[in-house]
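Chains: A, B and C, in written order; residue numbering restarts at 1 for each.
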Amino acid sequence: MSVPILEARNLTRRFHGLTALNDVTFSLAQDEILGLIGPNGAGKTTLVSLISGTLPADEGALLFQGAEINHLPPFRRARLGIGRTFQVMKPFPGLSVLENVMVGALFGFQGGVESRTRAREQAEFWLEFTGLQHRSEQRAESLGGPDRKRLELAKALALRPKLLLLDEVMAGLNPTEIDEVVLLVKRIRDEGVSILVIEHVMKAIRNLSDRVFVLHHGEKIAEGTPDTVFADPRVVEAYLGRRRQ
Amino acid sequence: MTKSLPGLLLAASIAVVLATVPWWNNAVLLQFGINAVQLAVMAQAWNIIGGYTGSPSFGNSTFYGLGTYGTAITMVQFHQSFGLGLGVGALLAVIVALLVGIPILRLRGPYFAIATLGLAATVGAIFANLPIAGENIGLVLPLTRDEPLFYELSLGVLVLVTLTVLFIDRSRFGLGLIAIREDEDAAAVTGVNTTLFKVTALAISAFFTALVGGIHAYWITFVDPSSSFDPRLNVNMVIMAVFGGPGTVLGPVVGAFILSTISEVLASSISTAASLLFGIVIVLAVLFMPKGLVDLGYGFRRLGWRYFTETVRQYRL
Amino acid sequence: MLLMQILLNGILLGGLYGLMALGMGLVWGVLNIVNLAHGAFIMMGGYAVYFLYTSAGIDPFAALPIAMLAMFLFGFAVQYGILNFIVRSALLNTLLITFGFDVVLTYVAQLLFSADLRTINPPYAGSNFGVLGLTVPVVRLGVFGVALGLALGLWLLLRMTRLGRAIRATAQNLIAARLYGVDPRLLYAVTFGLGAALAGAAGGLFGLVSQISPYVGATLTAKSFVIAIIGGLQNPLGAILGGIFIGIAEATSALYLSPTLVDVISFGLLVVILVTRPASSFRAA
């Protein structure tokens, strides 16, 4: 397994003259959990949007399983096996929880399944996996915060992704809930999914990630094991600000 | 929203009853019926692109007009049959929908709406300057006094388009459209080919709209730019669909029939104040039943009068 | 020379068009309400100034502030009493309800004022002066000046006053604005009232250069819509420029092409602009 599942080279993205991401290069190995941290506004969600295809890259190359995907629209990337959750959660509000997940099953990996019945079965499986089975008939917009996170996750899982991009799934959860989600994510990795995790909850990052890399003002400033990165003075400075001399 | 079997049976029996109207020997009712059924088809066709897909087209009159002119030109200039004329009109509309749909469907919300309006105005102006279409005067079609035929044809198209919507409502395609409506970006990253689906929905919508346009043209025996591409058609079909319930199988049909009836009753009794009352009806409907009659029906059964307060609370500032 | 005159006419009229779009763009940009009755508001303002002039003898330009105040109160009431209750529902619903308003207002106008065409004809209506070989009608220059002035006034209001900052904050982020103590219901009502006041002013000015009838609303709404999109929704300067652009386009196409194609031209231009502009420059609908 020498080909990384995801490889980004010199990715750059600009918005109206502001450079949101500048020359970012990294790779994610098969079955690896890579953590992505950085202060607010560092460009983490932008990076995820570039990988999922929601935003186009201005410069750079993006390879998924060795093949260039930069020109592909988002739905093609989903069908190749890239799934993402949104930081500002985007359920399909008018649909039930079950129907939300069914969309992923119907249109996911390699185009998903054809029949709604099969999709329903798969959706029910994923709802159980994420602990939402008792809410399956509820309207998605009526869910509370932690359940919305679970729904985001279930929707992405229903795609049967090979690469999962998790954007701050733990924000707003209490410590017990965080531990549950950490276990869940590890179970997902054990199923053979490679994962990129964006988080602010450092404890979770430490427990989950094989490696971590850090974005600051759109640039990668550090990379390595969690312990190495957390001890790196540049990372500390990025989060806490310059130490006064 | 899946319809239950009793609901479907009820709808089917009503359709059968409606099919017998020509034998009730009421010419006024029959004429009203033809108009109402044709409006119902347009509302239902709009439902596909506006209700399920959530792209509010204010330019379906384009396809209606293409249907009328396609039929008229085929019959008058090329002396072909009505059937072929209908086919040509529908084909024209579908082709335009496919060609223009791709760039225009990239726009969201009101920008899409205004672009479709612009499309309607432009296509109308084109036909007003085409010699083969009779320019500003239009064309006169051969006369066939067979009201029952036009009624049954229109009703047939209504049944067809409603069955299509029913099929869409239950299919993978339909869930994809709804996903696009609810959140297009989320739908895209979940694997829905948003462009293909939206353009397909528009093409289906165009097909049925054109079909009923062709029937209308033959029925009233003339086409001209201002009536074929009448912008008020757009508003009517949208209001009827939204009043009845966008994104539901029977909502637009119910909305079309009820509003047509109200409009007819008002026009014949208090004709001067008819439009005033119609405007007030629209305002009240949007305030108190913004999700349409069908949702009101289900909601009222569940919540009673609280449905109204809940709705207002949901949408108020 | 004829071309220059046509261009000048287009520019002068374009200022008025820009003013029309100003109110619509403000309401759309801040409240996310597309007011299909905007043209009817313009029409109401026109009638107000017309009657202030013909019945009370007030000079039309002096009557503008009175009409604007009346329209502001009207708009405030409509927003506070009706629109505030559906603001968070689908955009289509605001389109439909304002369409309903348009129907009602047009009918009432027809009832009260009959379908007769009316023009506001102050004593100085026909006078003009020459500049560089071009004829500049005094009234049209005044209309242009007032339109520009109001646009500038709106710009200053939005940029420099507390109210303006509150409006802009609410446009950006309703929840954050609430945290700053802004009562959204009042603010929405004030904003809509401002939009109505601007429409009213545009109506009074419109009556000076064209004819008022109960039915002018629809075309004016469509025109304002087009210009608001072209000029950018919360951008007073953009609205004026957009208006001038359309004014020139109309004037030149009326000269070189058939007049019936004029409306099609503006729509056609709009569609082309919409389709070719990059998606990121639009506020998400």
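A few points about this structure:
The definition used in the following text is that a contact is a pair of C-beta atoms (placed from the backbone, for glycine too) under 8 Å apart; a residue touches a chain by one contact, two chains touch by 3 or more.
What you see is a predicted model, and the numbers here were worked out from it, not measured in a lab.
Shared contact partners of chain A and chain C, listed by label, are B. If you tally contacting C-beta pairs for each pair of chains, B-C comes out on top. Chain nearest the geometric middle of the protein is B, using mean C-alpha positions.
Among the other chains, the CA centroid farthest from that of chain B is the one of A. Rounded to whole angstrom units, the spacing between the C-alpha centres of chain A and chain C is 46.
We define each chain's centre as the mean of its Cα atoms; on that basis chain A and chain B are separated by 41 Å.
Centre to centre, using the average C-alpha position, chain B and chain C are separated by 32 Å. Remark: chain A residues 52-54, 73-75, 77-79, 83-84, 86, 90-95, 99, 102-104, 106-109, 111-112, 114-116, 119, 155, 159 touch chain B in the complex.
Those residues of chain B that touch chain C in the shared complex are 50, 56, 103-104, 106-111, 113-115, 117-119, 121-122, 125, 128, 235, 238-239, 242, 246, 273, 275-276, 278-283, 286-287, 290, 312, 314-317. Residues of chain C that touch chain B in their complex: 28, 34, 82, 84-93, 95-97, 99-104, 106-108, 184-185, 188, 222, 225-226, 229, 260-261, 263-264, 267-268, 270-271, 274-275, 279, 282, 284-285.
Note for the complex: chain B touches chain A at residues 170-172, 175-176, 178-179, 181-183, 185-195, 247.
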